[in-house]
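Both of the next two complexes hold subunit A, though its partner changes from subunit B to subunit C.
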Partner chain A sequence: MKLELGKIKINDIKFADKTEVKDHVLYVNKEEVEKLVLEDDKLIGCHLEIAHPGESTRITPVKDVIEPRVKVSGGEIFPGVIGKVTPPVGTGRTHALDGMTVVTVGRIVGFQEGVIDMSGVAADYCPFSKTVNLCVVIEPAEGLETHVYEKAGRMAGLKVAAYLGETARNLEPDTLETYETKPIFEQAAEYPDLPKVGYIHMLQSQGLLHDTYYYGVDAKNFVPTFMYPTEIMDGAIVSGNCVAPCDKVTTYHHFHNPVIEDCYKHHGKDINFMGVILTNENVFLADKERHSDMVAKLAEYMGLDGVLITEEGYGNPDTDLMMNCKKVEQKGIKVVLITDEFPGKDGKSQSLADTCDEATALASCGQGNMTLQFPAMDKVIGTQDYIESQIGGWAGCVNPDGSFEAEIQIIIASTIANGFNKLAARGY
Partner chain B sequence: MIDVTKLLIITNNDVTEEYFKGQIRTEMVETHKDVLLKVRDYIYAGGWKLITHPMASSIKPNQTPFRSIILIQSKEDNTEDIIMIEEALISFEKFEGDKKPTEWYRKTTDQDFKRIDFYMIEDAIPHLTR
Partner chain C sequence: MAKYKIVHYLNQFFAGIGGEEMADYKPELREGVVGPGGALAAALGPDYEIVATVICGDNYFGENLDEATDTIIEMVKKYEPDVFVAGPAFNAGRYGVACGTICKAVEERLGIPVLTAEYEENPGTDMFKKDVIIVKTGNSSADMKNAIPTMAKLIKKMATGEEILGPAVEGYHERGIRVNYFAEKRGSERGLEMLIKKMKGEPFETDLPMPKFDRVAPADPIKDIKHATIAVVTSGGVVPQGNPDHIESSNATKFGEYSIAGKDSMSPDEFTTIHGGYDRQFVMANPNLVVPLDVLRELEKAGEFGKLYDSFFTTTGTGTATGSAAKFGDAIGKKLKEDGVDGVILVST
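Moving on to the complex of A and B:
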């Protein structure tokens, strides 16, 4: 599969009568977007706000962050969710609005949505403090079940991102990148002297508000499978999660998976990047055993010499992580784990909830228990009403002036366990 | 296929208790920690194994007041289950801070936490008997 990814740099967003991109500025017809969101009768309120880097602005509670993209050729964006499920994505040409995001904002459950600060100390920990963000603030109809509202919120963000992505269809991209992974025998033969490396991508799939979708399929309902790495760049994976903000893999992060991007950078130089094994994180122990067996079987079948593994979440998924590590290593394949840590506030306790003898190489993406003083902001997009109950906050942590103390867990993507963050260990 | 009559749910979540009434034997305890301790006691007593992982996913142990765990009667070796429940207890102790939730906190989040905990095992019967 070969994909051309064209990026159009967006420096600012402004409201206007017509939705279009001109001179690196995205103009948005506010009414059209609000109407699009309110087509869903489960949402009764929607308004848009723009947040720029450096402003005294706080966005919270954040549900998802999405980059607008469009498929110029080769299928449709977010297949099985917004676009048609067939043909499969990952080929043809895709255009992306680079440097901006769509952020869905609104309370889903009382504790699991995060914070984005556009300036101040907390901005250093968040990638979305450096992008121009179009915030879609949503309000649910009375009496909706939580999971129904979650779906409405998820779809609202994706619809808006796809709508804005359309503006890029006929634009000339500023940069054009090409990514290619060939069918297994061809790919193995292309660089016969380089080690064959794969990526085991564990998707959060633990039930209500903890689900991820692959071509629209709830990840808890599939068995481990192979994915061409380019598929993810076209929205084959969509986040439905409201997990802890710090290690939530947003839909934006799926587009920009750093393991995949870095493996492509090394592809043909020092590794032969063979592709992605997608798996899930299960509630029932028998499923964990079965799926880690299948992951190891696929890794062996692909003839891999080494794999990188990432997880999403803490606790229960650490067991899936270690089972995958152990069983893949036992096939004679080298494993490097990538994850974040929760060693308690003093940083001295065990970082993960599980371990195994085979886990001998691990890249850390930082620890989420560290606390930070969040300054008061001039503007809040959404509401600060739930800070105390959001993950990372606690009763009494908010001061009357709107400043508060919280663990960095509360910041969206601060310790994201795939390395797309400031705390990732990097080699120079 | 699993024999449902051999299952036991330890929970402090009344939504779980209500839903599985008459289907799976359920023991109610008071707190999240009591759930972990009760499960530990069953496993050490012998004849029981874990069906679900004792920890939640992404919600740290000090962050949810509710937990439901499924056990099964079994004569198989349960050494791994012992390690798993002990690790869950260590993790619980590590995170249990001095930040006791206020009435307001409980009022705004209890229903959400109950739902999240319950939905993890909602499909237990069709899932385990398929």
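Moving on to the complex of A and C:
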């Protein structure tokens, strides 16, 4: 399966009468987008705002972050959710608006939605402090049940991203990247002397605000399966969750999965990248046992020599991480884990909720309990009303001027446990 | 006059008072430098002055822990030092434990930066490296010449407030404190490079050696359940409406105790949950799902067990540091034991 990914660099977003891209600027017809969002009668309000890197702007509570993309070779983006699932996903040509995102913002569903600061000290920890963000601020209908509200917010973001992606359909991309993974026997034969490497991708699937969708299927309802890595670049996986904001894998991050990108960079040089094993993080022990057994079985079946495993969330999913690690290693396959740490504010407690002897190699994505002083901002997109109860905040952490102290786990994707960032933790 | 004041702690041996036969020596305060303090003062230079030295016998300290600590704290306090230094203790076990104990106490009670120095196998190193910066030394005083300059460098940093770097750079025992930094490469790339080495059988270094967990053995079964008092403790974040004690929705720093006396059920009008790690909807509608008061009252009335304890204890389990959880557990356990509770139903979520 081969995918061409064309990227159109976007330097700015402006409101205009017509939605289009001209000279690396995305022009957006505000009314059209708001109308699109309000097609859903669960939402009674919608307005758009633009946030630029370096501005004194805070965005919160953030639900999801999405990059606009379009299938230009037939097929549709976000298959099974927005688009159709055929023709095949992850093949042909896809265009992306690079350097910008759609950010969905609105009253919290749980405590798990986070903060994006466009400048100041917290901006160093957030990937979306460096992109131009079109913020879709939504207002739910009165008394909306939380599960319904979560879905309405999720769909609003995906719809807007797909709508904006259309602007890239007939553009000439600034860069064109090609990714290819062959059917398993051909792929193994292509680089017979290189170690065969797979990626075990654990999707968050613990329940409300902790769900992920694969072709529209709720990840807690599937058993582990194989996936061509390029499928993810067409939106085969969308985020339906806000776990702790710091390790939320946004839909943007699924498009830009760093393990897949880096494995392709090394593909044919020092590894033979064989593909992805997709699994979940269900809360029932029977599921954990069955699915970790299956993950190990699939890794063996693919003839892998080594795997990277990433998780989403912390605490409960650490058990899935360790069960996967142990069982895959017991098949004689080398494992490296990538995850973040939660050792308490003083950094002195254990970083993980579970361990195993086989977990000898781990790449840290930083620890989420360190605290920062968040400065007051000139502008808040959304509301700061919930900071004290959002994950990472605490009662009394907000000052009257709007500045506050909080753990970095309140920042969207600050310690994302798939290795997207350079943040890491070490022993002192 | 020197800019910075230091108080130094030594045992009877290094103070030149005597060996094992003098190990019962009571705390004594001397103005100025004693024994290895001379070399330390020389290494620190003219901006620093060791204003006093506290001497205590190792056995006396070990056998009169609280009293010795209190006495020494009082001695240190009046000098208002900028840094408190103990040792180096090398591989002297009782001395090492004393250095760690007194350093930890001085830092906690007086808020003064502290430093000691010990050999890696000194029991004091394992006991106190999390709490106190302990400079690495060899296993005997022959290593004094190496230990002193390292200590002096760190004392200067502590006195001036200069940033203390990692253990490998500064020469102290790793404390097991996890500190963030921005690496040169992102996590996925570092992980892949580690995997390539691991597959080749080459040496690699993990970012996180697996922690050792504190496993608690289950208690013996209750002998007489018909007369037993049972309590409910939960990490499910169930609290009275309004969360009066402001328990956090993640990484809790406190727990609450709330009365259920005279109640037959957990009413959703009275209780909610503030847990940030699970789907709260069902528990907000029916808090009995986490604090099963309704069923427990039925069983209590049917005589299935003796009595339900009058309150429940609660905190948020998600993201809560194991250090905090251990403190909560000790405090809750102590209270329940004092109140004669025989068994606890621990509800996780």
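Worth pointing out:
We adopt the following convention: the second predicted complex is superposed on the first by the 419 of 428 C-alpha atoms of A that agree within 3 Å, B and C clash if a C-alpha of one lies under 4 Å from a C-alpha of the other, contacts with A are read in each partner's own complex, and residues count from 1 in each chain.
Throughout what follows, a contact is a pair of C-beta atoms (placed from the backbone, for glycine too) under 8 Å apart; a residue touches a chain by one contact, two chains touch by 3 or more.
Every value quoted in this text rests on a predicted model; they were computed, and no experiment measured them.
Superimposing the complexes on subunit A yields a three-chain arrangement in which subunit B and subunit C clash. Of the two partner chains placed around the shared chain by superposition, neither subunit B nor subunit C is touched by A:T251. Within the superposed three-chain model, A:E341 lies in touch with subunit C and out of touch with subunit B [touch as defined at top]. In the superposed model, C is the one of subunit B and subunit C that contacts more residues of subunit A.
Once the two complexes are overlaid on the shared chain, A:L285 sits against subunit B while remaining clear of subunit C.
Looking at the shared chain after the overlay, A:L308 reaches subunit C, while subunit B stays out of its contact range. Looking at the shared chain after the overlay, A:W394 reaches both subunit B and subunit C. Judged by the touch definition given at the top, the superposed model places A:Y386 against subunit B, while subunit C stays out of reach. Contact with subunit C, but none with subunit B, is seen for A:G419 once the two complexes are overlaid on the shared chain. Contacts of A:T104 after superposition on the shared chain: neither subunit B nor subunit C is touched.
Contacts of A:P195 after superposition: subunit C is touched, whereas subunit B is not reached. Steric collision with subunit B, judged by C-alpha atoms after aligning on chain A, is confined to one stretch of subunit C among 60-68, 78-86 or 240-248, namely 240-248.
In the superposition on chain A, subunit A positions 110-112, 146-147, 206-210, 244, 283, 314-316, 342-345, 349-350, 389, 391, 394-396 are in contact with subunit B in one complex as well as with subunit C in the other.
Considering their complex, residues 50-53, 55-61, 63, 84, 87-88, 90-91, 94-95, 97, 99-102, 104-105, 108-109, 112-113, 115-116, 119-122, 124, 127-128 of subunit B touch subunit A.
Only residues 109-112, 146-147, 204, 206-210, 243-244, 247, 281, 283-286, 288, 312-317, 319, 342-345, 349-350, 353-354, 386, 388-389, 391, 394-396 of subunit A touch subunit B when the two sit together in their complex. Residues of subunit C that touch subunit A in their complex: 130, 166-167, 174-192, 194-196, 198-200, 204, 206-211, 213, 243, 246, 248-251, 253, 274, 276-281, 317-319, 321-324.
Those residues of subunit A whose C-beta lies close enough to touch subunit C in the complex are 110-112, 124, 145-147, 195, 197, 206-210, 244, 258-259, 261-263, 266, 270-271, 283, 305-308, 314-316, 334-338, 341-352, 355-357, 359-370, 389-396, 407-409, 418-428.
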